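One structure follows; several queries about it will come next.
Note that the chains are named A, B, C and D in the order they appear, and that numbering of residues resets to 1 at the start of each chain.
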């Protein structure tokens, strides 16, 4: 114990990570738990479900989402390119890559909205399937299991919906950085915390999608 | 009114009460030590002019002692209660000769299904439930069920015979609770939970719902009557004679 | 990058030219936010208590018109007689308000905000604006929850644990939009506490002043830091669950609907996976505060500082693997039950360490019985009872009998009222001078303490006894059961004590408001304590210090041999002390 | 800024991810392997991709351990919740 008479000691001014970045990592830790609750419920419900789960590719279009996945991966790369660019002191390259990232993210959201509309038209809703819809027929002729359609809809819309919400937040915050920080040239090789911090968030959202794409669309 | 646990009405009661008493003794000793110690310190070490507190940052040996003792006690307790737990609720705890009684809970009443002569309960499925004609959703297709007897809010049990209550719920989570038997088991919709016990004292008791289940939760109560074997059979005969299977009360 | 500390230092020095709004309403100053939380939570504490009084009336005198009950609308209590639907709302909202908006916010809202920067020597939180957002989302969340009582069919009626499917379907519970409002409020609350937690964690890691090494941090800061980690990782799970519950109602999903393959047990797993860390969120900061109060009152260093820290960490770690002990009779996998029982029993060990260390701190001390110390001692005594009664329900077979009885109610109130609330009251009296620059009245403080202590025990101890008799929770009218009828006099006794208990809180509120304006002016360090917060003026100014203090020793150097007085502030430089080897602060 | 570490070839990572995604798509079609093998492979690929993003794009590979801990701590907790929940349907 540190007695009254103490030897010289280190100052301990925290870890060598600046507050915003540390805060973002801490926030991401809580995000992990949030998605753990949603994804965990999906896995638990599907694991415990009596009867078959809908086969992949029947309700959800793998092609579209595969493209969407690719889009998100690209936007992740462009984000990291923007980060590298400003680190090396090329603000214009940074602006370009940041804009690319924003466009990629926006496109992802757009495609997801299109996908939702399409699915709802076919009668795939959070509560399962609507009467007299195309999906109802598939359930009739046994292509889709009636027993688990309710859980399928519930989990699908909750997980992808909240992921989409996170993507939207990411796009908005990047747009803010682009308009009010990047364009006015507030970022320098010495100070580009905003890019790095939002980048971390963006990659996390990408990471979550990689998991979701696999377990929701392919399994 | 007696200031102790309710009278012991099942084979579980005695071991559980012993367990309770043991824990009470252990915690009681700790409790007295702590509280007496506190009072003693309050008087012995109250501030007085000229006194100075004894300057120490603690003692490792003391720490070790009061870490080890609770740890050991808790492990022993854990082993003790786990043995009992496995006997009561364990996966294969239900005795082979247990007498099945269907317990069907809904807002806010209990339906008890007794096997007829064949000693077997018929199949039930939630889809067949009909408020008036078929409250428990019994499946007419199953021959075992044809002679079943359904009684509303009245649980009759043979004494000294293991009984397995097969618990199902219609709407929300209820909880099957008979204080004298020391038996409590939530009744969860969508699950079929088996909970066994063996009544030891003939007499009348109460089933209470101990899981908040809605507006009528407080009055979701059923009468329990524990008969001698002979009386129980007499009662079952009389019930069978009555309109078969009709829910009556 | 510049840390907030640096900017704060630049901007907050000397004169303070912010408008009234910036200063007192949308303030980013951690102390103002802490005080805002204080007023908000004391309000909710009063509301929660008021609801409890109505519950107690109904239990003691079922079906009799409640005094003043006629003031309530017909939909709640026609002619002053409480309706079952209103009774269930009372039960649900009492739990919700007390757990989330009173105790939790009092600890992680008030104390974390007010104490952390002051005790670690920082100008402010790492993210002052996020801190403000955290307060206002908590405010909104509380407003929604309170409003839910007054919508069509009133608030949720499913108990604060919201067990599905009762909570998931309106036709089961009879509630209407109030049920959705519960979920919405909890989602907002989750947002608030996540923002708060990440702020506290960052601040403690990065914004400690020179010399404030990890093992020189006051135990209160340790407790709040670990609590913040618990909140950060547990609350998102609750938010996720609340979202699913909300979707059950507004989107017709089937997560908890057995008819469509959903699992009612899933809700319980999600809720208690949050709920048990939550239980420790509700007690750990109180333990930290009590450590301060007892060390100060005993004029003696904390006994076994390191093991105190490790005990907190141990409780926090075990807190993640014990949630199933709320579900022993829920139809959960019995093997899971066994493992949860073992981990639960193990929690008794770190708890015991803490209690014995507090006693060790008082042992051969020089006890000053000021009001905070009295509350500290009461905490130790009462928390011991609450902790010990927990062992009964940890033992699965015994739990099968006492689960969902008043034994549980007694247990949780001994921990949350006898534990947390005593610590909170003591803490308020202790840091009142630093908050408002005035002392609270000592005499009335003692009167309040003793009345609370007596009536509190009179109210909650008998609950153990009726619990042992099998008295179930959340019964609108216990006299329905023959085996409970004889216990009605006991219920009356409990209720009378409850009313007196609530009444004696009025003394506290009056004392609080009176001292706010008329209390005697406080010196810089009225309790002769060592913490850094006592090295800045009372009330602490905006920015706390013009130049940050330097720490030379641990926070509990009372009655140290070398010192002239019986206390030795952390930042007091003795001739023998050498200056810390300054390393550049993170991010500068 | 303290982020002065040697930089990975981001384009290479990107190609990695694209190829792995393509592999996942391949697995999505009817194949002469059991469902469980397919599941295992898909999860393996998913985790691999996730690790690539985490380690290189989020620079965890180049951070100190105290920061890596932040990313690691929640994962066992999530798994505890997952397996406890799953065990409900297999006893």
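As a convention for this text, a contact is a pair of C-beta atoms (placed from the backbone, for glycine too) under 8 Å apart; a residue touches a chain by one contact, two chains touch by 3 or more.
Quick caveat, the model's predicted, so the values are computed rather than measured.
Touch-path distance (fewest steps) from chain B to chain D is 2. Across A-D and C-D, it is A-D that has more C-beta pairs touching. Chain A and chain D have centres, each the mean of its CA atoms, that are 14 Å apart.
Here the CA centre of chain A is 46 Å from the CA centre of chain B.
Centres computed as Cα averages put chain C at a distance of 38 Å from chain D. Inter-chain centre distance (chain A to chain C, centres taken as mean C-alpha positions): 34 Å. Multi-chain contact residues of chain D (touching two or more other chains): 1-2, 73-74, 77, 81, 85, 88-89, 91. Multi-chain contact residues of chain B (touching two or more other chains) are listed as 57-58, 91. Residues of chain A in contact with at least two other chains: 1, 3, 15-18, 22, 26, 29-30, 33, 36-37, 41, 44, 48, 191, 193. Those residues of chain A that touch chain C in the shared complex are 1-20, 22-23, 26-27, 29-31, 33-38, 41, 44-45, 48-51, 125-128, 147-148, 150-151, 153-155, 157-158, 162, 191, 193.
Chain B contributes residues 1, 3-6, 12, 15-16, 19-20, 23-24, 26-27, 30-31, 34-35, 37-38, 41-42, 45-48, 51-59, 62-63, 66-67, 70-71, 74-75, 77-78, 80-82, 84-86, 88-91, 107, 126, 171-173, 175, 177, 179, 182-186, 188-191, 193, 205-206, 208-219, 221 to its touches with chain C in the complex. Touching chain C in their complex are the following residues of chain D: 1-2, 73-74, 77, 80-81, 84-85, 87-89, 91. Of all residues in chain C, those touching chain B in their complex are 84-85, 88, 91, 157-159, 163, 165-166, 172-174, 258-259, 262-265, 298-305, 307, 329-331, 334-335, 337-338, 341-342, 345-346, 348-349, 352-353, 355-357, 359-360, 362-369, 377, 380-381, 384-385, 388-389, 391-392, 395-398, 400-401, 403-405, 465, 468-470, 472-478, 480-483, 486-487, 558-561, 566. The part of chain D that touches chain A in the complex is made up of residues 1-3, 7, 10-11, 13-14, 17-18, 21, 24-25, 27-28, 39, 42-43, 45-46, 49-50, 53-54, 56-58, 63-64, 66-67, 70-71, 73-75, 77-78, 81-82, 85-86, 88-89.
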